[in-house]
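Each chain carries a letter (A, B, C and D) given by its place in the written order, and its residues are counted from 1.
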Amino acid sequence: MVTVNGARYERTVEPRLLLSDFLRNELGLTGTHVGCEHGVCGACTVLLDGEAVRSCLMFAVQADGHAVTTVEGLTDGGGGPLHPLQAAFHEAHGLQCGFCTPGILMTLVPFLRDHPHPDEREIREALSGNLCRCTGYQNIVAAVRLASDGIPTPGR
Amino acid sequence: MKPAPFDYFAPGTVDEALALLAEHGHEAKPLAGGQSLIPAMNFRLARPQVLVDLNQVAALSYIRANGSGLAIGAMTRQRAVERSDLVARAAPLLAEAMPSIAHPQIRNRGTVGGSLAHADPSAELPAVALALETRFRAKSVTGERWIPAGEFFKGMLETALEPGELLVEIAIPPLPARSGTAFLEMARRHGDYALVGVAAVVTLDASGRCQAARVALLSVGDGPVLASEAATVLAGQAPAAELARAAGERAASRDVDPPSDIHASAAYRRRLVAVLTRRALERAFERAEKGSGERGAVPSDRKPSS
Amino acid sequence: MTVEPGGRVRLATGVGTQGQGHFTAFAQIVAEVLGVDVADVHVITGDTREFHWGTGTFASRGAVVAGSACQAAALRVREKILELASHELEASKADLVLAGGSVHVRGDPGAGITLGALAVKANPLRGAVRPGTEPGLEATAYFGPDRGSTASGVHAMLVEVDPETAQVEIRRYVVVHDCGRVINPMIVDGQIHGGVAHGIGNAFYEQLVYDEDGQLLNASFMDYLLPTATDVPRVETAHRETPSPLNPMGAKGVGEAGAIPTGALFAQAVEDALGRTGLEICEIPLSPSRLFELIEEAR
Amino acid sequence: MESRRQVGERVRRTEDARLLTGRALFVDDVRLDGMLHVAFLRSQHAHARLTGVDATAARARPGVVAVYTAADLGDYWRPGPLLVPPPPIAGLVFNACTQVPLAKEKLRHVGEPMAMVVAESRYLAEDALDDIVVEAEPLPAVVDLEAALAKGAPRVHEHLPSNLAAHAVQRKGDYARAKQRAHTVIKRRFRYDRGASAAIENRAVAAQWDPRAEELTVWDTTQAPIPIRNGLAQLLGLLESQVRVVAPFVGGGFGPKIMMYYPEEVLVPWAAMKLGRPVKWTEDRQENFFATTQERGQIHDAEITLDQSGKILGVRDVFLHDTGAYDPYGLTVPINSQCTLLGPYEIPNYESEFTAVFTNKTIVTPVRGAGRQHGVFVIERLLDFAAKELGIDRAEIRRRNLLRRDQFPFNNEILFQDSAPLTYDSGDYEPALDQALELIDYHRFVREEQPRLRTAGRHVGIGIV
């Protein structure tokens, strides 16, 4: 029994089923993406009891009795208005192909909870556990500053 | 990259876990944070038939004062150690090393005992444990024993733990007065395994000379390496830049026979041992002198080196 | 491309998209020609059922080829709109203005007709198709330049090298870039940031290591090092626009530009930082370990 | 056109909402009723004779629906098409050897697929890989470019006399004569190595055959859905209108997702039709390093000839290009290196010779930059060494050789990848150089800042290219 984005799910699964595959294939929450399955790229990052973890480095059975939050949870099922962090990514062009974005958002939610006004170095260190091949990270940093301190992106 | 099948147990107590490990013998492997084991299972490099998941054993997760030292449960999350004021006061070296361990997403699940029992020569905690003369409490169905850090690490991913034996606690002795510690590592990227890392503990006598020094190096052999030659250079000497340099050169030339791999040649690792040991000792001496009485000053800048 | 009765515009193109913002950039081109809002242009890419012809997205050609084709189709639809509207509003085409999703006679914005309404009128179900005319506000256009257009640029960089550990830190990175007409400077900046990051990865972090048996020794992200947020500096960008005469957009493409000169720039800047006669960097990628060996060899 | 200006504006992206909320569909998100999953058995050897692939035990494993080897494909087994025919270069030697869906007698790089397992889940499909018995005799691997061309070297393709994949020479002007008027000649060997595109999304293909509508739908992380549709229609004997290829949101391409007719792209649709159930294959990261094309190294022996003022009289370059086990993408990468070496400079006399070499490594096709990096590295490094030797400032020696605004369109004469003479349509190079010098504050740094830092023991350097 696991709570995902506030909803309770009860499933019987094989012990070796990874949490990432459980969320994507059993529950159809395909917003969590899989990029490496060895804990480096961060695309699969979700929250377990409010803390960011690699869902590819956990078996689904280990989430029994715990609360998981995925990117779909930021807009209650993907339909609602954008979360402020999502709106900042849109405003600052903090994404291009978008494949790494869910993992980055779920990394940043607890980070901003613990560091409401981070400086550039703290933001970049917080992001260093999520790989992005398209953006060069610059506009992601700008999005986080916009979300935390309202600093508009250095647009021309 | 999906793991091979296995039988899964999630015991609630240490004794249940030990019984399962005894029953399944070499087929069984304990699962702690999983941040090293599960990648190996996904690559199918590791294929344990039985996994004994320790994450339900609440009794193994704690940070307690132990006199003026520390006792940390083996299943304590690395993140909890990183955020603990008790650790920051009693073992500033451990506190300073934590942010260098991978990334928060890994430290939220990774455990102290898991990392130590995995015994990766490039991991931070084994070197920190060696520098702090940590003692390891191991338990099995037949009994319990204490293992000093110097005898715990046996080689590449090898420890003194016998089949069916579980690491349950580590005990860090109190830092003597007038001590200073420093942790420093050089990694290609923030959060990567280090090319070379140094955990240094120095203690000054009443006259300010170096009474004791333990310099543990990581990623320079098949386990954490105590730079004993470097320690002899420091013994009884007054801290000075030249002394730290000499100790660094001695550590590089006599204490290590570093490996070459795709990230760093042996010669480059030797250079890093010399430079990082010197920089770590300078910082440790500075903290010992500044601390002078107050246990090793809490590291001011939490920025890990890179 | 089709203006639908609801007033929104449907645009389908053969190129696929991998994050380059095609949905928005192509919509901007069409929106400007038809006087509609960008959000009202629904772009469909990469679906062979929706558009039959085309090659694909590579070689920084998206804006140049597909962009020009979209503009051509939009201009043709605009012509149909003016044709029909001049008939409906009894005004000459020259006096008509397209803005805000409708057409009106210059100077009389109140008495316009929405594109949606025009689309309904253009639909033969409400009347036989007059001979020689086409139904709908719809057009298909193709574009293939006879030669590639040549973008250009200059990269500059400040680096600091720790002589003891051969670690390299990038202090500043500047790109002055000329990719012809810029459709969306925000997206172009993003392409350059990503290109430079890719270039830095290739120059100083990434290397496929094969042993003499042809085995790839670092087939994982643990040992094949992609640059992370702490390895890539802020990239300061400046745009210059020397339009290309080979396509109506005047565009030249930007997708790969950022990644091309980084290796050459790295070698020059690191050599300059070390200032050692005899040290010549003739290889890429570098790494602190390899740089250390080159420094030792140059002693 | 009085409507509001849109082109040139920093318009926020309309596609962001779907990507930010997790609603965007990527190929691995495709979930269809009765969908089967695929794992490939890939070669552990870089070079080996393949004498047997026995899948009997694998077929018997519960949950496994089918296992295919080359023998099971019948006449569907054939080498892929040559995607990009080489330009008509005079005297060109070109040997086209393209990849096959499943290896038959020979394994030519680690990761080359030998068998395809189709099962109820990816987990079960991977379990079944261990049941397949492979008989292979390892052969010495061709890895080093120069050794590959040495006499008696093992041959990647035995029907060819050597590992030479292609040899091309292009000339402009008369380099030998220019060299006679040289004030300075600088000669160096350069090694430039590229890497994997490593998009964070690995490749994936899903396919569904609808027998009632007689239509095949294929979801593919391709950068070129239309050519894939055309090829599949031909291979499967269908009308193009019966095949629909959809590249939904793709998680970064960077080149290797163009390379068409990967074995997986050819086999997954075929299996879906054969089994009458939807089939999906998703590449994992380790597979991506072996099975997705990449760019790699070139070795350049290059020489630049200049007059006393640092004006380039000519360049001669001879290089080797690693093309990997097959060359379906023709000579796009080495020709880009050959052409882009000329860069923004006026190089009146140019002689460039390259040899593309087969090696027992993953196939090389364009990755963001597509060979241009190698050419730019050679010319910019030669200019740096020339500046040092002639005592001319690095920016100044570049300024003196830049094409001027009035020289466009500029015809460099040698053939470009589009088989037409390499011609620059328009450009305005010098003002861009000046703007970069100003932005990085070049002159003040070189004159004042760098000396001050150096005395303070700090090693800070500046670069401009």
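Just so it is clear, contacts are C-beta pairs under 8 Å (C-beta built on N, C-alpha and C of every residue); 3 or more make two chains touch, one makes a residue touch a chain.
Just so you know, these numbers come straight off a predicted model, no measurement behind them.
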| item | value |
| --- | --- |
| Chain hops separating chain C from chain A, counting only touching neighbours | 1 |
| Between A-B and C-D, the pair with more C-beta contacts | C-D |
| Between chain D and chain C, distance of the C-alpha-averaged centres to the nearest whole Å | 20 |
| Centroid spacing, where centroids are CA-atom means, of chain A and chain B in whole angstrom | 30 |
| Intercentroid distance (Cα basis), chain D paired with chain B, Å | 43 |
| Separation of chain B from chain C, taking each centre as the mean of its C-alpha atoms, in whole Å | 48 |
| Shared interface positions of chain D, touching two or more other chains | 10, 12-13, 15, 123, 198-199, 249-252, 254, 284-286 |
| For chain B, residues contacting two or more additional chains | 1-5, 43, 189-191 |
| Residue list for chain C, restricted to those that touch at least two other chains | 18-19, 21, 185-187, 195, 198, 207, 220-222, 226, 228, 230 |
| Parts of chain C lying in touch with chain D, wherever the complex brings them together | 14, 16-19, 21, 23-24, 27-29, 31-36, 38-39, 43, 45-49, 51-59, 97-100, 106, 146-150, 152-163, 171-172, 174-178, 180-187, 195, 198-199, 201-202, 206-208, 210-216, 219-221, 224, 226, 236, 238, 240, 242-246, 255-256, 259-275, 280-285 |
| In the complex, chain D residues that touch chain B | 122-123, 126-127, 284-286 |
| Interface residues, chain B side, partner chain D - complex | 1-5, 43-44 |
| Chain C-facing residues of chain D, complex | 1-15, 45-47, 109-110, 141-144, 188-196, 198-199, 222-227, 229, 240, 243-255, 257-258, 285-286, 289-290, 294, 296, 340, 344, 359-362, 366, 368-370, 372-373, 376-377, 380-381, 384-385, 394, 409, 416, 418, 420, 423-429, 431-433, 435-437, 439-440, 442, 445, 454, 458-465 |
| Parts of chain B lying in touch with chain A, wherever the complex brings them together | 1-8, 10, 34-35, 38-39, 41-43, 51, 53, 55, 79, 102-106, 108-109, 189-191, 303 |
